[in-house]
Structure formats: structure tokens, C-alpha cells
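The data blocks that follow each hold one structure.
Next come two complexes built around chain A: one with chain B, the other with chain C.
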Partner chain A sequence: MSNPPRPRLAVWKFASCDGCQLSLLDCEEELLALAEKVEIGYFLEASRKTLPGPYDLSLVEGSITTPEDAERIQEVRRASKKLVTIGACATAGGIQALRNFARIGDFLSAVYASPGYIRTLDRSTPIAAHVPVDFELQGCPIHRFQLLEVISAFLSGRSPAIPHYSVCLECKRAGHPCVLVARGTPCLGPVTHAGCGAICPGYARGCYGCYGPMESPNPPSLSLRWRALGASERDLHRVFRTFNAAAAPFRRESEAHAD
Partner chain B sequence: MPGQAPTAGEAIIDREGLQALLDALSARGFSVIGPRVRDEAIVYEAVREVADLPEGWTDRQDGGHYRLERRKDRALFGYAVGPHSWKRFLFPPQQRLWRAQRTGAGFAILEEAPPLDRWAFLGVRACELRALAIQDRVFLGGSHPDRSYAERRRGLFIVALQCGEPSGTCFCVSMEAGPKAASGFDLALTELLSPGSHRFLVEVGSPAGEEILGAIPHRPAGAADRREADALLASTASRMGRSLDTRGIRELLQDHPEHPRWQEVAARCLACANCTMVCPTCFCSTVEDHTTLTGEGAERTRLWDSCFTLDFSYLHGGSVRKEIRSRYRQWMTHKLSTWFDQFGSSGCVGCGRCITWCPVGIDLTEEARAIRASLPEPTHA
Partner chain C sequence: MPTKKLSLEALARVEGEGSLELFLHDGKVETARLRIFEPPRFFEAFLRGRAAAEVPDIVARICGICPVAYQMSAVHALEHGLGVVVDGPLRLLRRLLYCGEWIESHVLHIVLLHAPDFLGYPDAIAISRDHRAEVERGLALKRAGNEIVRLLGGREIHPINVRVGGFYRLPSPAELSALRARLERAREEAVALLRWVATFPMPEYQRDYEFIALRHPSEYPMNEGQIASSRGLSLAPEEFDTAFEERHLPHSTALYCSLRERGSYLVGPLARYNLNFDRLPPSIQAHAREAGLGAACHNPFQSILVRSVEVLFACEEALRLLSLYEPPEAPALPLPRVAGEGHAATEAPRGLLYHRYRFDAEGTIEQARIVPPTSQNQASIEEDLRLLAESLLALPEESLRARCEQAIRNYDPCISCSTHFLRLRIHGR
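Entry: the complex of A and B
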């Protein structure tokens, strides 16, 4: 074989639901092309077989919630030439970052019969809070076409074409009449990162922000509009406190409205 | 010239005549695009029958607010402009420009086929005709005409509508873009509704329009028909929901880049880009390059872009317009002021879409008024 060695890919899981890794397996026909193009060195969701590092490209899913994981992400970074985080957990701390707003001890005693066995951190933090990250792909879950775009870009040494503007651009290009303006349906699209293709407004639903904050969000202005449409302070508190609760613009906005 | 002579060549058709018009356009190979009700709004999509049109519907519009409402009559065109504009057909929101395929030694460029459709637009208002003329200037007027736009624009058949129903955010009168459509169409309809009578006054604007009119049942228009149509347009002109004082507006905006109002509007502006997406003259685009996983293929896609995104002003090292303040200022100043320097006209036609479809109802007529009102002396000559 005279072919050059294929780049070695690794997929790592931290605190997460595995949904973003599944987006990679969902790629189906593209998955065969990917398997030809890269050597899958570490991807426990797909195969028990593992190859040693260094890895040319590491995809990291999940947030850091335990002392062990805080150590392990350092090892992953050391073993990875490029490190890309995928999904709301890895980029913003995920739904489990709700712990950041409460006392972790209260959860432990409520959930576990013997909390003494549990070693956990009092905050869920994104990967970028621990190690340098080469690219962050937002979404809960991420869109598989965007994941393929990021992988293709890294394989060919170009920038990923992943825009960071609002969902509204995708929504308008698709031709959906605005649900907020035409129906009075509260929608987070104007402050939310594009990438989903405006799925919810396409089904006459308001965006609920699963892709996290867009590049220059203005949540306080949108909140005023939500209030005028009938949303309560509690509604606003809660809508900004979901999968991206710890992303700074959403965190600040949830804190500005009482539960 | 169309619009000059009062009744010469004008005709009357009824609802059946309108169906005959749709059929005649279809028989000549046109795909007719017109107004339809979808998802609680009136949008521009394919229409085949009069029954597809938004009969008995109107819209109530204000800043950040649009609601369909029932009319008391059976008007087919009794609404104002909605979230769509005709630009989505001539300048598609997302369009592959070309593909490339790796060959033995290099690569081959695969050109995109020209569009198969020839369109007839039904129900184009005066403000929208002005917007078309502005985009013609932008895409075709320079030394590098846009081929894709030219292919789509060529052979377009336009059935204009003399506007009988302005919305709460309309100000075409201020922009001298309406409500009367005087030229730039093949046929123009005025919908005349009175008890027991539903008819359309037809003006001919081109030989192609004349040919089509000759092919459908019609009768000559009378002086009374013309008087009724004139009264309708006068009524429309008197019912504008907004107004904009355009005196010296070019200088008003260019001379005050540091006005505190820009900061004030930035506190409300979401930088979501909706205003630019719905604007019938905004023409900015970006291109995205994608490669396949195997590295065997590549393609370039053109997408509607907006001066409200950070990447829009990205130069080496970062974005020039980091603050929303500077992005809003760029958009409004370009639209109402520097457009004159660039293209010789205003970029605004007074259709009001940017006001209605702004999720927080920012109103550029209000912003311009606030800046003007704050100045000690009028800046216009």
C-alpha cells in the first residue's frame, strides 16, 4: 500500500446524553466515506477497538462535572492535534449546568441513598473552560450536516463554513413567515445561533434556543417583546435556563428574571 | 407611455377574465407566482387558479406586528405586502453557483444549468416595481452584471396591481414610489369592487401585455371605470400608515455618525437581520465553499447575507462593525443615504416590511425623525 496514512479520529464522551455522537453514526452513507478517509482510533459508541494517540482530530462531547473528567480532558488535549467540541454540553455545560444555580449537596442528598460514594464537582463547565479548543460546534443535538462540514473542513485544512448569526437568517431564507410577528408566538430565534435550519418555526413553533446564543445576542430587548406578548417573568427565567443555561448571555438573562 | 393616457387602450375584465389571464400565461409557458395564504400570512407562491388567491383576506400591520383578518368583501387583492418579496425568485436565498470535480491531473468546473422557469409575477405593487428597478440597477447596471439575475429577469412577465390597500407601516408616498404603478409592467390591474360588481381595470404596459390582453375576454373601459380607479389610488395615498421626511436625508444621516440615537436604537436592535431579509432591495450575499469528505468534490453556494452579521464586515483580524450600533447605522445610512452615492437613488421604497417584520418593531421612519428632531437647525437646504 502506497497510500499516505489516514488521519486518526477520536470521539470522546464526557457528561452528556450521547446524542451528538449519535449524530455522527446517523450520517449513514457518509459514514462509509468517512471510514475510508480517516482511521477511527477511539469511538466507543461505535467500536470497542481502540488505537493509541496521538489523534489528528478529536471530537469531544459532554461537559466537565467530575474531578476525574477534569484530569481526563487534559490527557485528551495532550493526545489531540486538533480538538473540536460538539454540542451544548461541551460548548456551554449542557442541561446539567442547572446545578451551577443550586447547591450540589442538595441534589446529592435528594437523589442518592448514600451520597458519600459520589465525587462530583459543584459546577458543570464547558470543555473550553479547561483546555484550548480549536472549534466549537453548538447545538442540542448538533446537526449532522454541520458535523460533516466541520470534519471535512479539518481534513482539507480549510475553515468550517458554520455561520454564527441568528436563526432568523435561515428562517427567512426558507420562506417561513415569522411566528413571532404573524402569530404572536414567543420565539428565541433572534438571539439563537443558526445551524438547525429553523426547524421549529417551520412547524409554526417558537424557537426554544437549543443551539445556544448567536454571535451578538441581545436577550434583554427580546425579553421585553416576550413580556408584551404575555410571557411572565418566570417564563423568561425558565426559557433561558435550558440546554445552554450556563452560556453567559442566556445565564445573565435568566438571572434578570425571577423564578 | 403607460399611465400617461387616461383610458386609451384600457380594458375591463371580470373574475372569469382573471382566470383566463392565468390560463393564457400558463399556456405561454409562464409559471405564475402570486399571493396565497400560508402560515398566517400572505406569501408569494405558485398560483394556478383564482381560487388560490387570498379572497376576502386582509392584513393588519404595525411595528413587529402582522395579523391576517377577514374582509367584509370578496376582494382578491385586498391586502398589503407580506413577508415575501419578489427578490426571492430573481435573487434566490440559497443558490449553488458551481461545482468542481477532481480529475486525474487537476479539476473540472461543472456549471449550473440556467433556470428552467419563466415567471409571471401577479400582483406586483408600485413599491415592488420600484424595488425591482433598484435591484436591476444593482445586479445589471455595473460593469459586471450578475448572470444568474439576468437569466431570471429576462422574459419575466409582470402583472402589476394598482394598490388599493396600504398597511399601517406603508410610506411609499414619502418615497415617491407609489401607490400608482406608472411603468415597468406588462399589464396592471386595478381591482374595482362595488355591490354587484367585481371587475378589474387593465392597463397595458408592453406589447407582450397587449398580446395577452387580446387573448382573454375583455371589454373597453369607460370614463367611470377610470374615475373609480383614480379615486381608489387617491384613497390609498391618503391612508399611509407611516411617513418619512426625505428632505436632506442624505446629509442628515451622513453628517451624524456619532448621534446618540444610534446607541439608543442599538439597545433595542436584535441584530437578527430580519429587516434585511424582508427588504425588497437589500442585495447582499455571501458564499460558502464546501468540500466532500473524500476531497473529490467541492461546491460554492451563494446565500442571502446581511450587514447585521459579524462576518459581513470581517476583514483580516476581525469584524469592523463589532457593535450593533455600528451595524444598524450602516444599514439605515446605506438604505436612505449612501445608496444615492452608490446607485443614484434611495434604497428604500417605503413598503414598510422592515418595520412590520422587525421582531421588536424598530421603525426607520421613527429613527430618522428622532435624529432630525434632535438637531437645532434643519439640515436640509
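Entry: the complex of A and C
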């Protein structure tokens, strides 16, 4: 009797640093086991062999920043039964979205001697702004265990067990003293989506929000606390405007404080 | 007039996206053009107006494969501008962290990205079906590199523990002792990896490159040194602009960096090795010779061997650093509030990485400049491809394409960094 066909996995890259797809290669021991459970149909960072769609699961890294990519994501969606975005770029526009707050011409001429050679959009947008997305995994970068959970969940047809509470719960569970309360260190943990394992407080620094906003955060309240600890308006403007700058709760809070 | 156009789909097993075009005339390859179509990402513009303290976190996002390199060049450049010298155990920890990234990044490239070319497989997963033990050993060694980065950096990708002046938190003696035990194993795995790679069939090809790498008075270079060339150049990092220039060409979103009035040059493991063989410990030199390498190496395909030698060196060096480490008084030095301009060059896994920052007395960045290794190698990759393709034109298309891809991967090009791969088009065949 022959084995049932394995689900076909694809990994797509748009504007990004490659770090989130690297999380898959960083699975190391689990990588070869995963490769036995799925058929890798398209994953250019790992293989030159490509198989045609449809793909049972597509993982999408990166944001949409060029006219070509805005068309390519439509093709990816059409070829994918389920589509999951991985990381802050694909989910919120990423650090590239800093362009959304500036005039793109200024950026082009700051970096390139001949801006006329470059074709780019004036905004960096998340995948969900272009096509329907089945699940968004937050993080800059994503956590590889969460990625494995999302893949397993989709392959077995259940919802991924990814909690949407704040970094604070992970931090308490890890037994770290609260850097904000105990040391007076400004921390974005109370408004930031869990998933990293509260690494920064474990290294004696405040969270800087790389996992993006948690479900229903209250950034204005946290900003008052930061002000009491001595943070300037400019500090608050900057800290909400990094790797998830275009995610609505962080964008609004950044705009509420002057640069 | 083009009589035939061959197109190679987006290049696999590199970081980022690009393609290769060959222009033929009368059976000769006139031009090889590496087209980088990674979307532009504007980091130098994003950095303007940011706080100097944010720079290590922001520049890490240029590359998920070598974030430590970006953090190291950034903190050294900012400290240079502040007039602060990070020495002693903090310097040692930074070098240890860099060893971790060299191991992780090099082994990723050797085992998962480049080995399939030499052994004739589409990917490392396919290799593992025939050579499971070798691939598993490689993945274990990669994990050891990641464990160094995770301990000193907080996580493997986009580490959070690097700051201007030092670190946020120092490792505990128990953490370092567990790392030492892991690295003893890694050293054995690295010896085995080098011996395995030494058995790979090696294409014959030699070119007289101008190699550029850092040169340090006593160390194999990572965090500091003079910028040296195999043709006599020796510069401090702040003199970078006197010797190098960046040009912007229509077919690429990466800038081309070249030596003024001299043209292309090569950075990366091959350049480091040729310029610094005498800085490798005798035990590592002996392993290199056993693997068939001499003190000089001009065959770019052998870069996979040189990378393996550097992995072994990084394991050995990490163990040496651990044996010397005495905890410093504080995890970071105090920083003055002054305006300044600073330069630094460090050795990313893929080669020389130059950063320059100008900032005001509040620590706000006014100007940033970053020259990554792949944009420096771009012209050299194209010259290799032009010369190599010419000698291989008689081969069937599939073999020509495979060899061109292998040649590009000799450079471990990081396209995400340089804009930041391969579609092959042959015009006129």
C-alpha cells in the first residue's frame, strides 16, 4: 500500500531580512523530521527544487513594497489553500513601514545616487492589506517553536495555540523581577504581544515591542507611566515607531507624541 | 542580435533574490550581469533622527543571517565617534559572540546551501537521505554557534543584549561553563565537517583577485584591524572613502562598491584567509593543510573549505576566550554626551562590513552609511561568472546553469543585506 501524499509546503519572501524563514532552518533537529512530514514545494532559501501549486500551506515572509510584489502576492494566494504570514514585515509592514511616515523621494535620494533606477511603492504594507490571510504570526523575528506549532496546527486542521496576551504574563512565568516596577526601566511589555519568552527583561532591559501590539492594548496608559519615569515625548514617539510602526495601536500612540 | 534567451528562475539557496544575465557575442561572454531585485529597504534613511542607543537593534534587521555583524560594526563605529574604547573582558565577550555568528552562518552556508552543489543534490534534505550522519552533525554544529549567540545575545536572530558601550547583562559562570562543554563537542564536529568537505569534488578555476580584509597585529581578524589588501593597501577604517567608491547601476537595487581606479576586489573568508593565514594558530594551519589548502588559495570554489577552516578556528577561539574570561565590573561602560562622527569595519561572515555615523550631542543620528560585503563582491562575482561561463559554454544549459549558481554561492551572497537570487538569462547564444 502506498503512503498518502504529504501536504505541500511553500515559503515565500517579499521585502524582509530573511530572518523569519531562517527560523525554519534554525529548527535544526526538527528540520529533517518536518521534511519527512511535508513535501517542500517551494522554499528557495533551502532548495532549488520547486514543485507546482496548489500548496496546502504557504508561509509568507516580508511586506509589499513594489508594484511587482503587489501582483506576485495575488498569485501566491491563488496557489495556496492556506496562507500564514510570518513575522512583523508580513503582518504589520515591518521596519520598511517607516517609509509610510516620510516622503519616499527623500529616502530614495538619501540612499541611491540615481533614484530614477528604483521602482518602489511609497508605502510598505502587510500581506493582509492585499489578500485574505488565514493566520498571522507576530514577531521580529518569529519564535521557531511558535512556527512549528502553527505548521503542526494547519497540517492537522486545528487552530494554532498562540496566546494573544502580553509579554508580562510570560515574564512573570519566567520568574523575572519586573524591570519597570523594580528598577524603573521603561518597558513595552504591558502592551506587547507575547511569544518571545520575555527575553529582554531576562537580560535586564525593557521590552522594545518587537512582537507588536497584544490583543486590546492600552498604550496611552503605559505612556503616562513612561513619562513619570523620565521618558521624553520624543522617546515615546520613537519607541512605538520601530519594527511594528504601522500596526494601528503603535502607530496611533507614536503619532500622539511629538518627534 | 540575440539568437536565444535562456532564463534561470530566481536563484535558490541564497539569502534574498536576484538573477543572472549573460550577454554573448561571437561565442564570447561579453558581459555577465548580476541583477539584484530585492526591494530597496532604505536603512540609512531610517537611521536618521533615531537615538544612537536604538542603532544596534535597528541595524540587526538588515540581515537575519548575520545580525551580530551589523550590531558589531554599529557599536564600534558609535564608540569610535564617542571616543570610548571597549576593552578587556567586554571586548572578549564581543569576539566570543562573533565566533558564534561565524559558526552559525558558515555552517548554514556550507551544509544547507553550498554542499548540494558539490554533491549534485537539490538541497540538504535530499543529501540527508544518503548521508544522514553528515547532515545531522552539521545541524548540531550550527546549533552550537546559535547557542553562543543565544547566551550572549539573548536570541539567535536579532539579538537584544548588544549595546553601545558593552552589553545589558553579563553571562553567569554556570552559563559559560555549560557553553564550554558544548563547544568541546563542537570542535570535534568541526574537524569532521572539514574532513567531509575536503572529499568534495573541486572545480578547477583560479583568478588573481585583489583580496581585502582586516589585518590585526596579533589576531585572526573579527572586530578590529587595518583594512588591508593583497596589493599593498593599508588603511584605517576612517579612510574608507579615500580608497573605495559606491556606484549605482540601473540593473540592481544594491550599490556597487569598488576600489577607486582599480576596480573589483574580493572580501570574505577567502580574502581573510589569504591575508591572515599567519594569524591562524598552528593547529588550525595544520588542519587546513591536511584538507589540501596551502597558505594561499585563489580558487573561489575552495571557499567552502576555507569557510570550514574558519568554523574550526571559531570553535577553537571561542574555547580559548572562555578560558581567559574574568567578569568585568559592569556590563557596559558609561558614555559621554558629545557630538561626534565614528567609523568602523568588522569582519562579517561574508566579509568586510563598514559603518559610519554622525550624531549630535543628544545622541541623535544625523547621517548613517553602511557598506555590506555583498555589494563589495558584486563586481567580482560578475567577473568570475563572465570568465567561468566562457569556458563552459559548450556544456548543456542545465550544467552551465548549475555551475554558475555554484560560482555565485562561492560568495555566500546575502542579497537581503546588499539592498539587499537566481534567474539566468543568456542573450545571443
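Heads up, the rule we're going with is that the second predicted complex is superposed on the first by the 258 of 259 C-alpha atoms of A that agree within 3 Å, B and C clash if a C-alpha of one lies under 4 Å from a C-alpha of the other, contacts with A are read in each partner's own complex, and residues count from 1 in each chain.
As a working rule, a contact is a pair of C-beta atoms (placed from the backbone, for glycine too) under 8 Å apart; a residue touches a chain by one contact, two chains touch by 3 or more.
Being a predicted model, the structure only gives us computed values, none of them experimental.
K.L.:
After the alignment on chain A, I want to confirm one thing: do chain B and chain C clash, or do they fit together?
P.N.:
They fit: once the shared chain is superposed, the two partners occupy separate space.
K.L.:
Looking at the overlay, does A:V191 come into contact with chain B only (first), chain C only (second), both, or neither?
P.N.:
After superposing on A, A:V191 lies in contact with chain B but is clear of chain C.
K.L.:
Is the number of chain A residues in contact higher for chain B or for chain C?
P.N.:
More residues of chain A are touched by C.
K.L.:
By the touch definition at the top of the document, which applies to A:P67: first (chain B), second (chain C), both, or neither?
P.N.:
Neither partner.
K.L.:
Who does A:R158 touch here: chain B (first), chain C (second), both, or neither?
P.N.:
In the superposition, A:R158 touches chain B alone.
K.L.:
Please compute the chain B to chain A to chain C angle from C-alpha centroids in the superposed arrangement, rounded to the nearest 10 degrees.
P.N.:
Roughly 110 degrees separate the directions to chain B and chain C.
K.L.:
Classify the contacts of A:A204 with the two partner chains as first (chain B alone), second (chain C alone), both, or neither.
P.N.:
Touch status of A:A204: both partners.
K.L.:
Considering only touches as defined above, state whether A:P54 meets chain B (first), chain C (second), both or neither.
P.N.:
neither
K.L.:
On the overlay, how many Å separate the closest CA atoms of chain B and chain C?
P.N.:
Nearest C-alpha atoms of the two chains are 11 Å apart.
K.L.:
With the touch criterion stated at the top, can you tell me which chain A residues are shared between the chain B interface and the chain C interface?
P.N.:
Dual-contact residues (chain A): 204.
K.L.:
Tell me, which parts of chain C touch chain A in their complex?
P.N.:
9-17, 37-46, 48-51, 54, 57-58, 61-65, 67, 108, 112, 116, 122-126, 128, 132, 135-136, 139-140, 142-143, 146, 154-158, 160-161, 163, 168-169, 246-250, 253, 255, 331, 405, 416
K.L.:
Can you tell me which positions in chain B touch chain A when the two form their complex?
P.N.:
Answer in residue numbers: 38-41, 43, 64-68, 82-84, 88, 93-94, 267-274, 277-278, 288-295, 303-306, 308-311, 322, 324, 356-357, 359-361.
K.L.:
Which positions of chain A touch chain B when the two form their complex?
P.N.:
Residue positions touching the partner: 30, 33-34, 36-37, 148-149, 151-153, 155-156, 158, 161, 163-166, 168-169, 172-178, 180-184, 187, 189-191, 204, 215-218, 220-222, 224-225.
K.L.:
In their shared complex, at which residues does chain A touch chain C?
P.N.:
Chain A reaches chain C through residues 13-23, 25-26, 28-29, 31-32, 35, 40, 44-50, 65-66, 68-69, 94-96, 98-99, 102, 106-108, 110-114, 117-118, 120, 140-141, 196, 199-200, 202-205, 208, 210, 235, 238, 242-243, 259.
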